[in-house]
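You will see subunit A twice below: alongside subunit B first, and alongside subunit C after that.
Presenting the complex of A and B:
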C-alpha cells in the first residue's frame, strides 16, 4: 500500500514543508532580514555595542516571555505576569528600603510571593476548572491592587547588590550586562527542560490534548500547577531584572507586560491553541520586537510608529504561520 | 438480505470515466471509473489511501480532476467548485457531522437559506418543512432540539435532512457507519433505503464488510489509486470482495488462535458505577482474549474505564492475586494495565505532536537518566516499534495528524508496547480502519497473547468478536448477561443476550 501520500497530498511548496518541520526557522529568518534591513538603513545599527543594548532592552520582556511561553504551550494564557513582576520588584525593594530586611531574604520573599501567585493561578484553573484567561485577569487585578496598597511611591533607595544584574562586563570593546546573560541562561534552562525531560514532554502533551494526557498516565493537574508556578518564578526574576535596569522599584511598572510577552511568544511561532511552539521562538520573538524598536529609533522614527509597526508585525507573522499550516 | 439485488434498473445518473488526479510527486488516481443509477446504492471500497477520498473530493468540487470525464444524466459536466456540485444535486455527508452545534435542528436544516416573511424569518415554515423532512426519514428528533444535545446518530440524520432540503440527486456518504454502534446502524440503513426508494443515487463508503452486503447493489473497488473493478453485490462472496480490496482472502484476516490461557491476571469483583454499571465480576487470564459484546450504551466502555482508573467506581480488583485500587490512569499503568480508547483522536492521540512523543509518552521514566531523556535510546525504541508494528510513516518525527486511522491506531498500541503492559484493554480496536490494517492489528493482538499479555476487547462488530475472542462476555444495561465460550458463540447467541427478550427475534431474523 503506497497509501499515505493521497491523504497528505502535498500541494504546498518545499518552503512550507521546511517551515513546518522546523517552525523556528521562520522567525529566525524574519529576525535576520530585519537586521539586514536596518544595517542598510543606518551605520549605527551593526555594532557590538548596539546589539548589547538591544539584549539589555529585551531582557525584562524576554524573561516574562519564558513564563508566558510555558503557559501558552499548555493551551492557557497568563494576563497576570506583568503585575506579578511589579509585585516582586516593589515588594523586594520595599522590604529592603522601608523594613530593613536583608536584601537576600527580601529577594527570596519576593520570589516566594510570585510563586504563590503562580500556584493560585494553577490551582484555580485545575481544581475549579476556570479558563486561564479569566483566572489570570482576576489575579492581574489583585496583584495590581496589592502593589498600589503596598506603595504608590517609587522606591528609590535600592542597594547596590540588587543592581548587580544591571552591571556590565566587557568582551573586547563591547559591554554586556549580566542581566542579559541571566535571561539567556534562563532560556537555555527552559529549553533543556522542555525538550529533554519528562516534565517538558508532559507540558506539550497536556497542551495538545489534556484528556489524552491524563489517560496516558500524566498527572495533568500537577503539570499545570507546576507550569504556572515556574512561570511566576520567571516573572519574579524579570522583576529583579527590571529593578537592576531602572534602579528603582516602580509601582507603575508591568502594566503591558502581559501583551508584550504574548507578542514575543506569538512572533516566535507558538500556537495560542497549545501544544505547538518552541521556547527559543519566544526569545527570537522578543528580539524581533527589540530590533525593530531599536532600528526604527536609530532611523529617527517616532516611538508611536514603532508601536504601530509592532502591531502590523504580529498580524503578519501569525498570518504566515496560519496559512502555512492551513495549506495542505 | 433485504436489499433489492435484481437486475439494474433506473437510468444512469452519474458516470465518471477514466478519472485521473496527480499531486506533486504522487499519482493519487488513475483511470478510475464508476457509475450510479437512480435509486441505486453503490459501495465505494478500498483500503485507506486507495483513493476513495480523492475521488469524492473531485465529485464534491473540493478538488478538480486532471484527466477523464464526468457525465450527469448523459451530459458532460465540469465540476470546479462545491457550488457546481451543489447545482448538479450532488451532496456529501462526512463521517463527523458538520453542523452548527449550538443551533436548533431546524435552524441547521435551513442554515444559509432561511425563508423570509417581510423582514423577519418565517420560522413557521422552517419548523414545518424541517418536520416534514425528518418524518420522511422516520426520525423522531424534535425540530427545536439543540444539535449538541443529540447523539452522533441523530446528528447524522440532521445532516442528511440538511442535504435533502436542497436539491439532492446523488448523496455521497463517507463512512457514516464508522461512528455508529450496532443498534444505530439499522436505523441508518432504513434511512438509506428510503432515500433509495425516492430515486436518489447513493455512493456509500464503509469499512464494515457486512453492511455492504446488506445495503449495496453494486460495489466499485479501488486499490492504490487504481480501478480494480465493479461487481453486482449479488454476484460476489465476502471472500472475493476482501480479496479484491486487499489482495488476499478472508481466511487470512483473523489469525488462528492457538494460545492456551494461563493463570488469572485480573480479577474484577462487583464493579459498580452509579446507574451505568451494576456488580460486574469476571476474570481475565494470561494470554487470553476476552471479548466484550453488547449494544452501544450497555456499559462496556464504562467497565473498562473504571478498571483503568479513568472514572470513579466501586468494587474490588486484584492483579495476579494482589489487591489493586484503580485510583487513576497513572496507577493503572504502573500496575501494567493499558487502555486503547474507543475514540483515538479525542482520548488517545496528541495529534499535533510527532510519532516519537506519542509513542514514548508513558515510557519516559525508563528512558531517563539523571532526569534527562536519553535520545539515542528513545530513538531506537521508536524505530523498533515502527518496524514491529509496521507503522507507515515518513519518520519518527512526523506529526500523527495526517496518518491514516490504521496507522494512528498502531501508534497508540505502540505506546503500550513501549512499557511492560500485562493487561491490554482495547475499546473498538479497529473502528474506522480498513480491512488490511485490521488484519495487521489482529496479528499484533495474537502475538501479544503469545507473550502472556491478557487482552480485553470491546467490539460492536460481531465478526471481530467471534473471530478473535477466546471467551465472550455479553453486557446489557450495565450487567453481564451471558458468557459464551469460543465454541458456543454465534452471532445469534450474542445478539439474543445483548438485546434481550422480544427484540432478539427481530435482530436474529435480520442477521
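Presenting the complex of A and C:
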C-alpha cells in the first residue's frame, strides 16, 4: 500500500485494514475519548480513587464477560450466565449461613455446580446439536427457578473470608479492591491461553469454521464442552466477586448479567458470528460501560441516558465490525 | 471511521448534560427502584423542584429493573464520589442494600430511605414512608363493610416473595378484613381460610391479568380481590370483565396514582389507599440540606400518610371521595 490512495482502493481502506488487523483499537479509542470527555466535564472524574471505583464496579460483569467472550468466540451465545452466577452465590452463602458448611467447601461446591451447568450447556449444544441460544435460555430459566426454590430471602450473614475480594489495599492514597485485581488476573490468564496454546487456537478455529476445524483434526465437541465449562467457572468466580462486592447472597441478582456481558463483549469488538475477537476487548467493553455510567452520574445526568448511550455504542461497535468484515 | 462516528455521540452527551455550577452547591443523591414507574417519576419531580428551591444539586440514579441491587449500589458509590452529602433511596432489595448503606454512613453521608424500609429499619438514618401495613388495613376494613352479609371468597394478587412492602400490604388487608392476625413488620405472607387463591404479579398489569385468569379458573366464586397496586388491579379487572363477573367482584388496591384514582371513578377499582411520593421526596431533600447546613441528622420513622379513596364510603372507616383522590394523585392524569 502506497501513501497516496489509488482509485481502486477506497479512501477509508487503511482505517479498515488497521481495524481488521487489531479490532481492539476502535474500542480502546472510544474508551480514551470517553475518559477525556468526562475529565473536561467534571473535576471529580480524573482521580485514582475514581478509576479504582470504576474498576471495582465492573469486576462482576467483567468476569462474566470472560466466559461470555469464550462462548461467543465459538460462535455461540450464553444467556444463562447471570443466573448461574446468582445460583452459585446464593448456594455458597446459603450453605455457610443456613447449613453450617465450611466456607472453603461451600465455595468449591458453588463452583462445581457452575461447572456442571456449563457441561450441561456444552453437552446439549454438541451431543443433541441444539442452538446455544435455546439451550442457554432453558438453563437460564432452570437456574432462575433453582435459586428461588433454594431461597427467596437475601442471605445476609456472610463470613469475612468470603468478603476478602471486596477488601482494599492502598497504593499511595488510592484504595484498590482485591476483586478488581482478581478480574485482571483472570483476563491475563484467558489472554495467554487463547493466544499461546493449542487449546486457545482450537477455540478460534471452531468458531471460525467448525467443519474445517473438524477436518483439521480438532475434536470440536470436546472443545465446545470445555469452553462452556470454563465459561461457567468464570460465572462462579463472578458470583464470589458479587458476594464480596455487595456483602450478601442476593437471589434477585444476575437477571441482566447475560445482556450486560454480551454488551461488554460486543463493545470490545468481538464478532457475534464467532472466530473473531480479542479477550481483552471484553475488558475494554466492560470499562466503557463503567466509565459512561460513572462519568454521567458524576455530571448529574439521569441514568436513563446511560442506557441510551450504551445502546448507541453497541450499534456503533457492531457496525464497525460488520463494515470491516464486509470490506474483506 | 470510529472517531467520525463517535463524534455525534459525544455531542449528544454534551447536549444532555448541563455544566457544573460555579459555586459548590449541596449535592443530594436520589436513587429510585426504576426510572419508569410513575411513582418514582413523581418522587424525582418533587426532589428536583425542592432542590432547585433550596439551591442544592440533585443527582438521580436507579436500578435497571425492580430488584436490581447492584445497580443501586453502583449509583450510590458514584454519588458519594460526586460529593453527595446525603442519599435518598427507595431500596429495591431491602436486605441486600444494607452493607452498602453502612459503608456510605461510615463516610459521614446521611442516608434516608424513602417509601420502602430497609431490613433492619435501623440500617438507615431515617425512613420517610407510607405505613404500608396501614394502607392494607384501610382497604381491608373498607372491604369488610362492603362485603357485609356475603360469604367472602378472596383472591390476593401479590408482589413477589421476600419483599416487605408486598407482605405488609397483604397482611394489613387480611387483618383489616378481620380474618388474620399479622406482625406489621413481617416479610412473610399470612393467609386465611377465606383466601382461595394467591399469586405473584410483580406489580405488573400483564401478570396481574394472567394471575386473575388463573384464580378464576381455580375458583369461579371469587368475589373479593386484593391487589398489590393499581397496575395489578387493572390487570385483574380485565380478567374479571372478560369472565363477565365485573358486577359481582370487588377489587381493592393500594397506591393512589392518577390512573388508579380514575379506575375508582370508572368503577373498576372499588377502593384504594393513596400514598404521597412527592411529600417523601420533598422532606428528604429538606433533611439533607438541613444536615449539610447544621450537621443535624434526621432520624427515626416519619409516616408520610395514607388516605382511603373510594366513592362508596363505609360506616366507621375514614375515607375521601375520588374528587379528593384526583386532586392529590401522582402520575399522568
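The rule is short, and it goes like this: the second predicted complex is superposed on the first by the 315 of 328 C-alpha atoms of A that agree within 3 Å, B and C clash if a C-alpha of one lies under 4 Å from a C-alpha of the other, contacts with A are read in each partner's own complex, and residues count from 1 in each chain.
The rule is short, and it goes like this: contacts are C-beta pairs under 8 Å (C-beta built on N, C-alpha and C of every residue); 3 or more make two chains touch, one makes a residue touch a chain.
These figures come from a predicted structure and were not determined experimentally.
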Partner chain in contact with A:276 - subunit B first, subunit C second, else both or neither: first
Touching partner for A:209 - first (subunit B), second (subunit C), both, neither: first
First, second, both or neither for A:218, with subunit B first and subunit C second: first
Touched subunit A residues, subunit B compared with subunit C: C
Partner chain(s) touched by A:198 [first = subunit B, second = subunit C, both, neither]: first
List of subunit C residues in touch with subunit A within their complex: 1-3, 5-6, 9-10, 12-13, 16-20, 35, 57-62, 64-65, 67-70, 73-75, 77-79, 81-83, 92-96, 98-100, 161-162, 187
List of subunit A residues in touch with subunit B within their complex: 1-11, 21, 192, 196-198, 201, 204-205, 208-209, 211-219, 271, 275-276, 328
Subunit A to subunit C touching residues, read off their complex: 12, 15-16, 19, 26, 29-30, 33, 37, 41-44, 49-50, 53, 57, 60, 148, 152-154, 156, 242, 245-248, 250-253, 255-256, 293-294, 296-305, 307, 309, 312-313, 316, 319-320, 323
Of subunit B, residues touching subunit A in the complex: 23-26, 28, 47-51, 53-54, 224-225, 308, 310, 328-330, 332-334, 339, 341, 346-353, 357, 361-362, 364-365, 368, 371-373, 375, 392-394, 397, 402-404, 407, 415, 436
